[in-house]
Amino acid sequence: MARANREMGAAVAGIEGPEAANGREPAAAAGLRGFSREELHGLLADMLLYRRFEEKAEEAYAIGRIGGFCHLHIGQEGLAAGAIGPLRGDDLVITAYREHTQAIAKGIAPRAVMAELYGRATGCSGGRGGSMHLFDTTVGFYGGHGIVGGQIPLGAGLAWAIRYRGGDQICICFMGDAAVNQGAFLESLNMSAVWRLPVIYVVENNGYGMGTAFARVSATEMEARSGAYGIPAHTVDGQDVLETYRFFEELAGRVRGGAGPQFVNAITYRFRGHSMSDPVSGTYRSREEVESQVEERDPVAILRERLMEAGLLTRGELEALDAEARAACEDAAEFADASPLPDPATLYDHVYAEINPHGRLFLDGRPGAPTGGRARVDGGGRHG
Amino acid sequence: MAEITYREALNAAMCQEMDRDDSVFLLGEEVAEYDGAYKVSRGMLARYGDRRVVDSPISELGFAGLCVGAAMAGLRPICEFMTFNFSILALDQVINSAAKMLYMTNGQIPIPIVFRGPTGAALQLSAQHSQACETYYVHAPGVKLATPATPADAKGLLAAAIRDDDPVAVMEGELLYNVRGEVPDEEYVIPLGVADLKRSGDDVSIITHGKMVHVALQAARTLAREEIEADVLDLRSLRPLDADAILRTVAKTNRVVYLEEGWPYAGVGAQIVSLIQDEAFDDLDSPVLRVTQADVPMPYAKNLEQLAKPGVKAVVEACRKALYTAGTPA
Amino acid sequence: MARANREMGAAVAGIEGPEAANGREPAAAAGLRGFSREELHGLLADMLLYRRFEEKAEEAYAIGRIGGFCHLHIGQEGLAAGAIGPLRGDDLVITAYREHTQAIAKGIAPRAVMAELYGRATGCSGGRGGSMHLFDTTVGFYGGHGIVGGQIPLGAGLAWAIRYRGGDQICICFMGDAAVNQGAFLESLNMSAVWRLPVIYVVENNGYGMGTAFARVSATEMEARSGAYGIPAHTVDGQDVLETYRFFEELAGRVRGGAGPQFVNAITYRFRGHSMSDPVSGTYRSREEVESQVEERDPVAILRERLMEAGLLTRGELEALDAEARAACEDAAEFADASPLPDPATLYDHVYAEINPHGRLFLDGRPGAPTGGRARVDGGGRHG
Amino acid sequence: MAEITYREALNAAMCQEMDRDDSVFLLGEEVAEYDGAYKVSRGMLARYGDRRVVDSPISELGFAGLCVGAAMAGLRPICEFMTFNFSILALDQVINSAAKMLYMTNGQIPIPIVFRGPTGAALQLSAQHSQACETYYVHAPGVKLATPATPADAKGLLAAAIRDDDPVAVMEGELLYNVRGEVPDEEYVIPLGVADLKRSGDDVSIITHGKMVHVALQAARTLAREEIEADVLDLRSLRPLDADAILRTVAKTNRVVYLEEGWPYAGVGAQIVSLIQDEAFDDLDSPVLRVTQADVPMPYAKNLEQLAKPGVKAVVEACRKALYTAGTPA
């Protein structure tokens, strides 16, 4: 759970009702209703952490500490904070490969995430997964999936398991806007609707799948996509973390109460290139477009400005929060850097949870490969 | 010990496991109200209700993925493919989700799922409905694969597959469903990875799996009339693979034929040949020969289909060739 | 082209306008407007042929002349006649495995279809395809596909080729109601909409996918399924061949004119079991349901009764038409029966269109398998 | 003859064929406006327009099937998979539509399509993005498969694939795209089915394909320092398979190592072993050894990844072992 996910305290005096200062409620304050000052600071702190974390990852990638594909969430932090924030600890989240901040939001320590990006044994996936495959089941974070759309049926399955056991958790299944063109989307939404699974499908609609604008690969608006299965569609401004938070808090409650699957079109924007190897702008979107989004639609800046305007945040407080965020990321990077690589002797671990006592499971005949006939029950096994 | 059909034995294995573990459920096309396209799940909806025996839409990728997701959360799904032919649509979820999940998560998320259904050709079902799918399921590490040939093996191996903490594909045979045989009534589990010598002989080894075990046995009977005695080794599971049993029969007869239903290129037999020549090079008196489906899509016409399928005659000839009784090898 | 697909002649006197006998138009006649007597007889003859053909196939299956899976179209003939009838010879049709009568409707001779079911060399697919894989490109019939939903992207591709070449043909892509739950449906409809392909997707909605009622695997009505991609949905009564014919005639014209992809929910009913091995009724539908459909919604009977009521068909004429249909099917069966099996020497033909002069294409090392190094350019090749 | 990159050579092949035949078009994710995810199609949108260079949605099954449909109607699509990893989603259309169509239609409908893109591992892309897909494409008859290793082969083989009347998969390598080499400027086509002896030696044969050719050559250079001279045979296409060239090198050296990027079980190497032991049994002085990826999903961590990949060291050791210089075989 992210820090914002705490008990909703009393609302802040001064932005509570129409009887605000000089009889008129300030525009900025309107959006703040229902949040305590502490909560607001918590949300800002969360988003600053996410932002600084991604910046740190960017840096580490540039100097070769992180390898492979690395997709940053910069510009989209409002969704990590606003959609995951309201969840319960035992709710489940599953997502694609642009998931660093989502993992942190659900409760994985920045150290464990950064160490995973560094490919270290202390990473949340033991260094085996990397940027695209972050996992921690103890906090309900189910990855981290690299095949576009691949996580959608899995998300339905997590929700299936909740329903099967009669639990009252819910599952949030994130996807990119391009993922709705995968057949898995149809199949999963249809089954979810038929079986009324407790799942919220959230499109992080940043307008592009790599270099392809959504409108070039869809004849309809995003909202049209779920009606085919009778699943209600909602649109939320993902750059407004407070709206997003309130929205998901309410929706999660309804799904928990049996409202069935939901579809959320969350409008956002990616401030960086698709992955570290892609330029920020190019043939598919102009520099001007990116600049104006960064200027006007930065979810961190929007909350920050709003709080300052409403007099709920001083420059000093902001600097303190930011310093804290930076320190946490610095710490995470140092931790990662100091962590050991995975033990080479573990290469064949966790291919199977159960090493059958008979026969050969590995066919490469390499030294180091477990051979057959040897009863070796792997630690990952959960055989009851 | 009662004589029941292979179909009933599969049903018994599922019921045996569903009785002992509530986290086991069956999901697939037509498994519930229709009692299964091939009636393997007959009576199970009535017995377990629609929470645990579930008809799915025709969405192979989606429902396989949903089952993998349920397994991520700790359930133990039996995901039935009406036939494995249709599972090609679901292969991404099998390989990229089920097979790789435990590894990517550093052991956090085992996927205790069973994918089951018939594989290979029945009769005149033509190209798209007559494909042996073993290769697609053994190639990637992370999945296990069992191929029961008899009713007893069907019960024991399917039960083992359901209890296994890893994804296990259990490939059955439409033409096996009516085969009858003795099957233990009581709880019965055959560990994966133990091949079964279905017939013993000293002259030549026929190694095979699944439906082809019956073809091999028939070939062995034919050969016996010429006083050639064949070992018939049924691998029973292809991963884990009982290499010891393979090497034992090779050491005994020094002449081997691998028989399988599928195509040759990168077939299971290719791997067995590779293993044998690597680990029993000096035991071989002649090359390991392979009998496979003709390297063509399955034709519909009866005569062409028969030609395309690996049959008793081809196995007998291969054995003779392995024994040089058919002249010098080509 | 089926026989109904002829020039639209002058309308029949007597059912032309409101000035019909005794000032009131008979109900039966209302649906006949716009069709000449000859055309009406043509449509009836077509449907009788389809019905008798399937009955003959049923018979031949029972005595083992036909093997494998065999899915009859009995009850659904209105769609073969009404949707394919209005097409041009150079329009394209692609469909699933319940396609005997559709193949005939598009112009494959009953003899060639029956011979294919018999697995004979004279069959439209040379005996290699069987019931599920009928093909004849010379009449624009592109099969005959056995993987549920597999033909949907292929249909989009046929339409793509039309557009690519700037042609004015259209493509009809049939599917069963259960096929809309395949991911291929989403992917194909989306691409068709984005690229405005000249394709009509037709669901032969017989209410069931094998033993599963549509409502058990869908939370919405069929009409809701295409809106997600901005493709107009239409519903037509497939048991009313005249309505169906008129509808497709108009729609085909619009698609030819550039209206873009369309989605048609054609209501129909399957009078037999799913395939020859399935009972007509069972746990999933009652005998009463089937009987009432056969009684009230038989497309052949509906047209026949309507024509008789309107005085456009005598019992003698009907008997003559039916006798003709039966004779054609009898002839087809005799032809099939007398036809040779495929030559065993052709087992390896048509695996490849081009046998490369170098290397080995076939790896089974069987006698009879073409070996490498032999330049053998197969007849099927169209290398330009 | 200019020195260009492998990437440019692929581009040149596509342009060469699109210039001579209007029925050839390129479709895939990011191939047009973005110039290709790996810039292989750079400039092609500008040159041919959006009728012939087409960005698709992320719908692998759908767009592969659409391309097969277009091929049914006589067009000659080049269907780019951003990587072959994602093509597992499309495998049903590759196998059940493309590969089987000609046969099911009795020769009426050839499918002159090319599926192309990178296969296998690049660097630290982890399990789902680092899979060699050859086995999935060679197993079913009806598809051909080429695996160019050099810029010249890239141009010649891709051109041949586009001209071929059958479905041809062309598997490239992300790590090859920047490799430079001499490539003929003029029209250039290398027939499928002709292996290329990339280096000549008498002591041991390293047979391989695709990206691994470079690993094999490096291993051969290392071995040369110990006065072991290796034949390095690049198969170039896996179907058709140049069996003659394989048998020639086996007859010459009598000792063979098969090197491939993929997993062992039912890998390409298994088939090559099967072929060699069947047809050159008496030519072998020792078992054919195989060097493959470790039988595990690809790990992300640099050190584990390196261990998992087949590298120069493993090849050198295998060659020594084949020559018994490393002691007695296990």
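Here the chain labels run A, B, C and D in written order, and each chain numbers its own residues starting at 1.
To be clear about the criterion, a residue touches a chain if its C-beta (ideal position, glycine included) is under 8 Å from a C-beta of that chain, and two chains touch if they have at least 3 such contacts.
Since the model is a prediction, treat every value here as computed from it, not as a measurement.
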Could you find the chain whose CA centre sits the greatest distance from that of chain C?
A
For the pairs B-C and C-D, output the one whose chains share more C-beta pairs in contact.
C-D
Averaging over Cα atoms per chain, report the distance between chain A and chain D in Å.
37
Centroid spacing, where centroids are CA-atom means, of chain A and chain B in whole angstrom:
40
Using the touch rule from the top of the page, what residues of chain A touch 2 or more other chains?
125, 127-129, 133, 145-147, 150, 181-184, 186-187, 190, 194, 216-218, 351, 362-363, 365
Residues touching two or more other chains, restricted to chain B: which are they?
56-57, 59, 61-62, 85, 89, 92, 96, 103-104, 126-128, 141-142, 239, 263-265, 271, 278, 295-297, 299
Would you mind writing out the residues of chain B in touch with chain C in their complex?
29-30, 33-35, 37, 55-62, 85-86, 89, 123-129, 263-265, 292-297, 299-304, 307-308
Which residues of chain D touch chain C once you look at their complex with the stated criterion?
21, 25, 51, 56-57, 59, 61-75, 92-93, 96-97, 102-110, 112, 141-142, 144, 163-166, 191-195, 237, 239-244, 271, 275, 278
Listed in rising order, chain A residues that touch chain D in their complex are 67-69, 119-121, 125, 127-130, 132-133, 145-150, 178-179, 181-183, 209-212, 216-218, 282-284, 341-342, 344, 346-348, 351, 362-366, 369
Note: in the complex, chain C contacts chain D through residues 92, 94, 123, 125-129, 133, 135-137, 142-147, 150, 152-162, 164, 183-184, 186-188, 190-191, 194, 349-354, 356-363, 365, 372-373, 378-384
Residues of chain B touching chain D in the complex
61, 85, 88-89, 91-92, 95-96, 99-100, 103-104, 126-128, 131, 134-136, 138-142, 239, 262-271, 273-274, 277-279, 281, 284, 286-290, 295-297, 299, 329-330
